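Down below is the structure, laid out as structure tokens.
Naming follows writing order (A, B and C), and every chain is counted from residue 1.
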Amino acid sequence: MKMIIFQELNVKTPKREILLNITGKINEIVRESTVKEGVCRLFVPHTTAGLTINENADPAVIKDVIMYLNKLIPQNSGFSHMEGNSDAHIKTTLTGSNLEVIIHNGMLALGTWQGIMFAEYDGPRHRKVYVQLQGE
Amino acid sequence: MKMIIFQELNVKTPKREILLNITGKINEIVRESTVKEGVCRLFVPHTTAGLTINENADPAVIKDVIMYLNKLIPQNSGFSHMEGNSDAHIKTTLTGSNLEVIIHNGMLALGTWQGIMFAEYDGPRHRKVYVQLQGE
Amino acid sequence: MKMIIFQELNVKTPKREILLNITGKINEIVRESTVKEGVCRLFVPHTTAGLTINENADPAVIKDVIMYLNKLIPQNSGFSHMEGNSDAHIKTTLTGSNLEVIIHNGMLALGTWQGIMFAEYDGPRHRKVYVQLQGE
């Protein structure tokens, strides 16, 4: 049976910059639905945070990602925008605001080492992720 | 009723590098369709321009994004490609050529401050955006 | 007739860093299906490789992209992750793990100069790409 499900997920980020693993929460939404084949579409409705997929095993990896993004795009780089978070806007454009993960056999088709990460670049904040399942 | 709609959007970019807000035009296409739940899929069929989502309020933000991308990837960086626009190709890969925005309750599920931006990196040019709505 | 097709594609990458044109193989999958309107969803289930769209004509372009990503994110940049491939993880987050290409009139709606590139950042390896067609 074909279906489209829409849901909002609340995410609380603990610091200014972090990649937060939200795979468990997304898995739960997929499991509670009856979608067997289709897509899990994720979207962040903010302009200083995004979504990415990266390693869920060694926490050094996502620390390296955050550390190096800060090296490439330091917070104070002579920006015009007065709020002092232009670095976060740039990182958001480089990371992306949306993500589509295939659902196959009733599960997210992720690789063994992959986690879905909420990329916070201007926290700590209360954030939202829109989740849409489209399939059958 | 399930449906798939395909449409081409023409975009005229005024300078070499700019983030151009095309949200209004995309909104119009969604509004004119009868899709209530589904996706709006956007795709740029060029290799020196992309799509991103960023702030639609303070114009300083998108200027900072463009300024800083130029700082990270200057036009003349000892590239092999003879057309002199390798920087634009690199920016395109970092920004992305496609975007999926959720349609919920007949509207694009964008956050308050979010705009859909056509990212021109080698203008001014006449460009195209493919728009596909898939839903019901 | 509405349908969802799932398939795995094997990709063998010849060196540590390369953008490998896989458009031909994806085209074949689309052609062999009977999907006329819909989407071709691609997903890389690895954390040190991604997907991007860029020029398929002058090979200097994709060499410039790889060269410059290495300049921005050198392999040895004082990373914590002990495997020595944090640069590959960062490039993956910047490039993205997934791609959605519109299917229109039974074909991938790509621009003349666009190729779908498998972005290897930690090869040579045997890699997989998940391919899902959703449409009618």
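FYI, a residue touches a chain if its C-beta (ideal position, glycine included) is under 8 Å from a C-beta of that chain, and two chains touch if they have at least 3 such contacts.
Quick caveat: nothing in here was measured; it's all calculated off a predicted structure.
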Chain contact topology (line, ring, star, complete or other): complete
Classification of the chain A:chain B interface as same or different, half of numbers criterion: different
C-alpha-based rotation, chain B on chain C, 0 to 180 degrees, nearest 5: 120
For chain A paired with chain B, centre-to-centre distance based on mean C-alpha positions, whole Å: 20
Where chain A touches two or more other chains at once, by residue number: 2, 72, 94, 96, 100, 134
List of chain A residues in touch with chain C within their complex: 2, 37-39, 52-55, 58, 60-61, 63-65, 67-69, 71-72, 94-96, 99-102, 104, 109-114, 119, 134-136
Residues on chain B engaged by chain C in the complex (per definition of touch): 2, 4, 6, 41, 43-47, 72-73, 77, 79-83, 86, 89-90, 92-94, 96-98, 100, 128, 130, 132, 134
